[in-house]
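Here the structure comes first, spelled out in structure tokens, and everything after it is commentary.
Just so it is clear, A, B, C and D label the chains in written order, and each chain counts residues from 1 on its own.
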Amino acid sequence: MTLDLVAIVISAILVNNFVLMRFLGICPFLGVSRRLSTAMGMGVAVIFVMTLASAITWIFQHGLLTPLGLDYLQTVVYILVIASLVQFVEMVIQKTSPALYQALGIYLPIITTNCAILGVAFINVREYYSFLESSVNGFAGGVGFTLAIVLFAGVRERLDVAETPAALQGVPIALISAGLMSVGFFGFRNLFHFLFS
Amino acid sequence: MSRLRKLVDDFRNGIIPENPLLRLVLGMCPALAISTAVMNGFWMGVAVTFVLTGSNLLISLIRGLIPSRVRIPCFIVVIATFVTVVDLTMNAFLPEMHQILGIFVPLIVVNCIILARAETFASRKPALNSVVDGLGMGLGFTLALVIISSIREILGTANLVVAGWRVFGAGLPFNPAQVMVMPPGAFVTLGLIVGALNLATRRRSRRAACREEARS
Amino acid sequence: MKESLRLPLVLATVCALSAGILTLTHGVTSELIAARAAEALAAGLREVLPEAETFHDRSDVPAIAAFPEIGQVHEGRRGDAVVGVVFRVTTAGYGGPVEVLVAVDATGSVAAVRVVGAVRETPGLGTRITEREFLDQFTGTARPPLTFGRDVQAITGATDSSRAVLDAVNVGLKAHAALGAR
Amino acid sequence: MVAAVITLFVMGLAFGGLLAVAARKFAVDADPRTEAVQAALPGVNCGACGYAGCSAFAEAAARGDARPDGCPAGGPALALQLAAILGKKVEAREREVAQVLCAGSRSEAPDRAVYSGIPDCRAAVLIAGGPKGCTYGCLGLGTCVRVCRFDAMHMNANDLPEVSGDRCTGCTACVKACPRGMIVMAPASRRVHIRCNSRDRGAVVRKVCTVGCIACRLCVKECPREAITFADNLARIDYARCDNCQACVKVCPMHTIGISPERVQARGA
């Protein structure tokens, strides 16, 4: 049992990283990674929401959709759950602790439209994960996202100082360096064969 | 007459000046993931265009009834409905393409372009303009997707498969660079295309500035 | 009180409308999807086991439970003589799951192998597992476990994808042996 | 059919209620201008503006940190709208233009070391305060020119940045980028500027630069409208009071005080 969980964690963080391998969550990945501090804040908020979203969407799937045979409503139910959940959590944090809101809360609205959150919910369903496996996958996916965005923020801060051709400045050079990072992550490709076979 | 002019402008707007993918750099998740083959890019573009036009129409029709506090969830549900309709119809009529595009069809619902257009445009403009804007944006997105995926497919597999027909027959003479159909290739291709577009507009604006300088 | 009542009502009606529309679409499309799937399966079976005239679904045979990869089992008959058995096997490829139809004739050797459904292997390399040149090598092989080099040649540069098909054929042969022993 | 409609209706009711109650119980008062900007924004939180979502961008725009056209999702139409909301506040004061307060190019203020590293002032400054003799002066590596998105800044013949007033939109990008803090915003119509940023004593300045401010205070006494303030060895012009009378220019022994060219018309915002 624990071997499966370890396999899920390694796959979500390294082998099939959500951002660099599965292209989930690219918009915030490129948008919010200009400074290391905002990238870290974004990462932690994504971990929190992905774990929560994975767990709750699993409950809605196995508690409501499958028994009633309404699988075709998955998209509507999941996005409704995620959007309302995030908006509610944002209001709670904004009211209860402004300090935490300043550090993490401001990232919450951006997370509703993040492909990674809805993406992980769909992956959990298609891989027939159990409740525990889904939550772990959500958590590991968040950690993978944070790893990618923090590394990328470091790269982008160097980019600001480096001399890039005028036309490539901004998004183009960021995309190209993300491509090179993705090549780096290819190194983990057969980590599984190494560990598990 | 000016109304028609306005409609044409709205339509043309989404294709070049405000191309969602290459100009505003939004909605990249699907663009990077499925642009390994030109047919994937085309059908994803068609799906996004349908959802965009449909949701723009419905949102601009019901925009008066929705209280502002619950605006985002309502728009999201409307968009999710159109996405599920596309998901089901594609599964029925194009099962293979539906399986290839996988989770990126339902993921259209969180595609930044659609919610952005719904919010900035559809919820403030009359229905006709919204539909035209949706079409324009969708077409721009499809165009950009087709361009990216054909570049990647040609470089990555030395061939181009359009609706089952192999354009280059046995394949182009060069040895295909397999990295182009892998994730790194996607990032680099999109980066270079956006860069090339910046170069073109920068050069055009500089030439315009010189002309203006010469005149003043 | 009015405001905090109107909000949920509006959202609820929008959701209800959406549910209505989707149920209608689902109603229409689900029949189409089922019909199309059945059609594709029938075509696949005929292609893999041409000699058989009629196919009988044996997916619920207890012996199959031992093979989780096998989704369906169809027994092909000409008249009432069993001509062969077709297994629909799903194995893990490079880019995602690969669905393979493995037809094993009465003598226990492989009649034919086809890859069905969408293939998400690496375009240009992995996708070549659908080509006859690779698949026809399996015809005539019998004693599982088959291996690369001895019985069959893998596609260069697409080992993961080729192994997926090899595993599927091995599973088919073992399942047929288990069924035969019944 | 019925099951689907009922389940979603109930879910909509539940979530709508949750949000409505939360909205009331957790109401937080925000400053009206941020609210106005936020209402205009798409509310999509796509992050393309570099801020963590629309509310963060709205606060930054209201504070004046973010530029009105900083939201790509909204496109130019939204930029105009935001400029209108924010512009109304900014337009009240006269249009501001960037001014480079250093006249010491390599010939007037020679380098004391040869720098061969990343060709960027922010990087050069990290290494022992940069190659220039004067530790407050312009390094001439062109960061401000590169950061300027309106092509309003160019390096002139003797390697000092020059601002073309009609192109500068007052976005303050160069002010933030310059590690020496040597670029200030001045109203477009002002033409007299003390082109020096050095806090060293006069004797030190003489050693490193031939056009630096040596803190002799002649200009402070000379100015008829007391528009020049003096602090830690450096004279500064208070642009609100100065009326371009150029009395100080004649009296300055080091010719530090320069006059910017006449051709600066106010450009339509």
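Convention: a residue touches a chain if its C-beta (ideal position, glycine included) is under 8 Å from a C-beta of that chain, and two chains touch if they have at least 3 such contacts.
From a predicted model like this one, the values you see are computed outputs, not experimental measurements.
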| item | value |
| --- | --- |
| Of C-D and B-C, whichever chain pair has more C-beta contact pairs | B-C |
| Centroid-based (C-alpha) most distant chain relative to subunit C | D |
| Rounded Å distance between subunit C and subunit D, as computed from the means of their C-alpha atoms | 64 |
| Cα-centroid distance, subunit B relative to subunit C, in whole angstrom | 33 |
| Approximate Å spacing (C-alpha centroids) for the pair subunit B, subunit D | 36 |
| Residues of subunit D whose C-beta touches two or more other chains | 4, 7-8, 11-12, 15-16, 19-20, 23, 44, 46, 48 |
| Per-residue multi-chain contacts in subunit A, two or more chains | 27, 30, 72-73, 76, 80, 84, 87, 112-113 |
| In subunit C, residues with contacts to at least two other chains | 3, 7, 10-11, 14-15, 18-19, 22-23, 26, 30 |
| Of subunit B, residues touching subunit C in the complex | 36-37, 65-67, 69-70, 73-74, 77-78, 80-81, 84-85, 88-89, 91-93, 95-100, 102, 153, 156-159, 176, 178, 181-182 |
| Residues on subunit B engaged by subunit A in the complex (per definition of touch) | 25-30, 32-33, 72-73, 76-77, 80-81, 83-84, 87-88, 103, 106-107, 109-112, 115, 179, 182-188, 190-192, 194-196, 198-199, 202 |
| Residues of subunit A that touch subunit B when the two form their complex | 20-27, 30, 72-76, 79-80, 83-84, 87, 112-115, 117-119, 122-123, 126, 165-168, 170-176, 178-180, 182-183, 186 |
| Interfacial residue positions of subunit C with respect to subunit B in the complex | 3, 6-7, 10-11, 14-15, 17-18, 21-22, 25-26, 28-30, 32-33, 36-37, 40, 96, 117-118, 120, 122-125, 157 |
| Contacting residues of subunit B [partner subunit D, same complex] | 13, 18, 23-26, 69-73, 77, 112, 115-116, 119-120, 206, 209 |
